[in-house]
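Each of the next two complexes has chain A plus one more chain, namely chain B in the first and chain C in the second.
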Partner chain A sequence: MTAKLFSPKEWQLTLPLAFFLHLFYIAPLAVLLASSFQQAVGVPGFSLAQYGEFFRDSTNLKVLTDTFLLGLQVTLACLFFGYPVAYVYNRVTGIWKSVMTFLILLPLLTSAVVRTFGWVVILGKQGLINSALQGLGIIPEPVKLLFTHHGVTIAMTQIQLPLMILPIVASLSQIDSRLLAASASLGGGAWRTFWKIVFPLTLPGIISGCLLVFAITVSSFVTPSIIGGGQIMYMPTLIYQQGVVLLNGPFAAAISAILLVMVLAVVVGLSILGQKSRTYIR
Partner chain B sequence: MSSLTPSLVKPQSDSLEKIDRLSFNWIMWGIAIFSLLVLTLPTLIVLVASLNSAQTLRFPPPGLSLQWYAALFDYPELWTAAVTSFQTALWTTAICVVLGVSASIAMAGSRARWVSAMDALVMSPLALPGIAVGLGILTFFSMIGLRLSIITLVISHVVICIPYVVRTTLASLTQLGGGLREASTVLGAGPVYTFFHVTLPLIKQGVITGSFMAFLSSFDNITVSLFLSDARTEVLPIRMWSMIENDLDVRAAAISGILILITALLMILMERLSGLSKFLVKS
Partner chain C sequence: MDHYMKRRTFLGGSFATGLALAGLNACANQSESTVDGSQSGAAQGGRLVAATYQGNWEEAHRKILVPAFKKATGADVTLVPMFAVDQVARLQAAGATNSPFDVAILDPGPLITAPKDVVLQPFPAEVSKNFKDVLPRYQNAGGSGNWGPIIGLQFVGIAYNPKKITTPPTSWADLWKPEYKGRVGITNMSSTLGTGWMVEIAKMHGGSEADLEPAFKAVKELVPNLAAVAPNLGALGTLFQQGEIDIGLHNLSSIALLQSKGVDVDWVIPKEGSYAFGASMHVVKNPANVELAAAYIDAALSTEVQTAMAEAPYYIAPVNKNAPLTGILAEKIATNFDDYEKYIYQDWETISKKRNEWIERFNKEVTV
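For the complex of A and B:
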């Protein structure tokens, strides 16, 4: 009874935030979308000129495919390197668990500029990798790692790794350990138990990890702009170049809209898969 | 797990089973240890590089010195940027807490359909490109004739940081359930009294963790600030970005070293205070 008396007022508590987000988030995105249909800066009216310009130029198309490729490679690499970390995290106990928590969370919470800076020191001409390989006599000349797509992929994988590990840890911890015992007592070996039981049961965690890593990778600016230098462009660096450096607002808006559509398509697709995998487990 | 239960079905070959188990453990632990090393490497490298005694950035450094930390004192633009970032993050966090906690209370108390729509709206800035959001907000502000200032910067940061506060607060509220609040109301306490004396103390950990995450992500934000901070409101990450981007200033290593130490200390403090890892690892 009392809860009913209380609730008609309670829902109104959400109004300030809803109002704030509509005014400063939804409206700006709508304005952005509208400005992408301008013919040129300051010319009102509806035109697909900006989109036409984007898709006509093969350089822009390469930026689009490079960005998608980067997202895909980083996501798969994070899954490959992150899953075992999550698996081991659920096995260790005591002080090692605290140590692992610290090692996983510190990079997550450290500033992206700082982490990228670390990779500049590692990948640079006089950096860790080149010094080590030259010192061992494996290579005579420094290898070019900075300002390459591979360099960006390596750095981004390390930077996004915690975002893949955390949802998988959550999924793994929900697995009923009796299932594993049952599998072992029925003669299922370690690999078979893993692929037939553990891996499928963690699909929800894997999917939400992939969703986060992909969305954030294709949207990130700092690491691609520093590690990629001016030589390799991705969608966010192109938006910055067009919008801030060249002051071509409508074109930058059109590129933003294309990036938004790409992210939304992947996010919605993976979310549907995630829902399916959750019902499949139950 | 294999050590827990002895096999009921005798495997055909003990050695095959052993190879199976060993190869699985070796590969899992091998990749995990490698990944953890790579995960930690850049942080360690930055700390070592910041103690470099040479004039250029090289690894390994020829000698150790604190000269780059000392050089920071003679760099007023950096301190101005740090103060702007700190103020922005503080205001952003305060606004996020007020808006986020009140919305979370309403969302946790209702099972109506608008809750999931609101949830999607609040969480979406986490997944959508910050650079598009930043450009959109800038276009919007220039359309309605609002000039850039620390206020516009804070507004844009609230949009990006609000998901953290709502997520952790909602998690705490869901765990709490409605029983205690109802009991308080039945006993005659008004909604405001119930909030400050019953609900808030019980969801404190979620609110603190969310505020911490919101503060860090505002302090660290570049994509939105790129569009919304100008020369007068330059923030620290942008200053550092241009230091690294243009000429690989070694002073960037020193400021990075300071940021790593502060982050690590805050993390340990937050773990003690509100069980940070509980929220980040299991939610």
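For the complex of A and C:
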């Protein structure tokens, strides 16, 4: 009887969350979008002036492309460093599995602010990297890493890495080991088996990892603002500057909307790729 | 098989998403935990929510002002550390009947551009018994309108690392010296410190509060020397601490605090003079309890609190005429209150007219 109560209308189970999201996410988002169409602060009405102003200014466009570039670089770097870790994680057993779980999750266990300050110490002029390279005689002068785009990319990669590794681990763990045995018995070498069997089967995990890393990187504020200093601007720092420092709400809302569109475009693009990858697996 | 796999993929994905959200939450908590309590706290009787600056101000207020206020009123205080610009933005976003805190602490830049009649209400000076002891110049921080008193002064000069720069600098022009290539630190114009500095540089080259054109021109020539452009004063202090910069602008109290922590840094007044600006306290629009908010500001003005704030390691210059000038303040700034008059007080009313435009221009033009 009780089982029947829900079974015909399972979708009702999503109602609490749907209600919650509408109230606290969709509604504020609507307010945000509405205010981005204001002519100026406190002037109601519909106008594309804020968007026009954004795209007219080459500095803003540079911020937009820099943000996209940051997302792309961090995503690729996470994939490059994360995939091998996920692969090894899937192979180890026993105590090493627990150790690796802990190590992979470690970046998520400390706060973003603490991690970021750690990177400030490492990347600084007298920091770990520069003093090591100088001590070894590789570089005569300290390399400028702090307050640069590269510095932000390095720190963000470390911070986002778990978000790439975990989905890949999830899809690696589902690969039927008999497939690998079959490949080997048919004469496939280790690399060929990897590229023909393992890698394609983990594409869904790679794509969800990329989605997470990209979306969170381009919208993160703490790390880019501390490592980037007062100079390197990304979309979130620009939103903060316009909304909080200059009290220019409508323009900040328009920048937020543009950032949202960029993230959505990437999400849609990767989802299509995900669909394609699934047909490829079949 | 296929269906099963998809579900697993989905589960894996959701697991990762959950983790991501947990991570995000942790980040969000960084800023939110500070306002925690303000939601419930603001409305309760006998409890006040007061904004304060991060760092030494928060520590000084927790150790000196809060106990004094408790003694005077019996009420409790929740301190909310926040930049002045964040305070104004939050007050504006929260609306006039729902303020997230009762007392704001601002400096000239954010104060002058804030929509004061929306986010603040006039300070009831008549109920403040310590208000009359405040030196007249500092009784009204917003210029006109009685928005609240200045509670402490900052003096800006040249900060430098005496270990690396053996001849003390004497002028703002020294920052342009070729030997300081890649060693100079400044802040951008979002901070009061940075805006004030640009005004001083403009004045050196024939400009004024209304005309920063000469300053923009000069700062472009400074770019090769710049190691960093910090977003705020706190970040600039950290740069001295980490040896990222050897010379720059800073205020005396922050530098004195760094010195007390063993950082190699010293502070001098350039021959162009030191510009002073005040931190001011304000009752926000429709606070939970006006009397308590006024009493908190009154406590901040009291001789007892002003004296303690002026001592080591905070050295916030007092505005109460009964507070003694001692220690590093007496040594570097003033032995009596008449000496305060020799400092530069910039015309923020004029600066405010173009400040937003300048902030944007600075961020676009001054890139290291």
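Heads up, the rule we're going with is that the second predicted complex is superposed on the first by the 258 of 282 C-alpha atoms of A that agree within 3 Å, B and C clash if a C-alpha of one lies under 4 Å from a C-alpha of the other, contacts with A are read in each partner's own complex, and residues count from 1 in each chain.
We take it that a contact is a pair of C-beta atoms (placed from the backbone, for glycine too) under 8 Å apart; a residue touches a chain by one contact, two chains touch by 3 or more.
All figures in this text were calculated on a predicted structure; none of them were measured in a lab.
The superposed arrangement places chain B and chain C in clashing positions on chain A. Using the contact criterion defined above for the overlaid structures, shared-chain residue A:I122 touches chain B, although it does not reach chain C.
When the shared chain is aligned, chain C comes close enough to touch A:S171, but chain B does not. By the touch criterion defined above, A:T59 lies against chain C but remains apart from chain B after alignment on the C-alpha atoms of chain A.
After overlaying the two complexes on the shared chain, residue contacts for A:F194 are found with chain B alone; chain C is out of touch. In the superposed pair of complexes, A:L247 makes contact with chain C only, with no contact to chain B.
Contact with chain B, but none with chain C, is seen for A:L17 once the two complexes are overlaid on the shared chain. The partner that reaches more residues of chain A, of the two candidates chain B and chain C, is B. In the superposition on chain A, A:F147 makes contact with chain C only, not with chain B. Judged by the document's definition of touching, chain A residues 105, 108, 111-113, 120-121, 124, 126-127, 162, 166, 169-170, 173, 212, 216, 220, 222, 225-226, 243-244 lie at the interface with chain B and also at the interface with chain C. Residues 2-3, 6-7, 9-14, 16-18, 20-21, 24-29, 31-32, 35, 80-82, 84-85, 87-88, 100-122, 124, 126-128, 131, 158, 161-162, 166, 169-170, 173, 177, 180-181, 184-187, 189-191, 193-194, 211-212, 215-216, 218-222, 225-226, 235-236, 239-240, 243-244, 249, 252-253, 256-257, 259-260, 263-264, 267 of chain A are the ones that touch chain B when the two sit in their complex. Listed in rising order, the residues of chain A touching chain C in the complex are 59, 105, 108, 111-113, 120-121, 124-127, 146-147, 162-163, 166-167, 169-171, 173-174, 204-205, 208-209, 212, 216, 220, 222, 225-226, 229-231, 233, 241, 243-248, 278, 282. Residues 2, 5-6, 8-9, 11-13, 15-17, 19-20, 22-24, 26-27, 29-30, 85-86, 88-89, 92, 113-115, 187-188, 190, 227-232, 235, 238, 242-244, 356, 359-360, 363-364, 367-368 of chain C are the ones that touch chain A when the two sit in their complex.
Residues 1-2, 4-9, 11, 17, 20-21, 23-25, 27-32, 34-36, 38-43, 45-46, 49, 56-60, 98-100, 102-103, 105-107, 109-110, 112, 114, 118, 121-122, 125-133, 135-137, 139-141, 143, 155-156, 158-159, 162, 166, 178, 182, 185-186, 191, 216, 219-220, 222-223, 226-227, 237, 240-241, 244-245, 248, 252-253, 256, 259-260, 263-264, 266-267, 276-277, 280-283 of chain B are the ones that touch chain A when the two sit in their complex.
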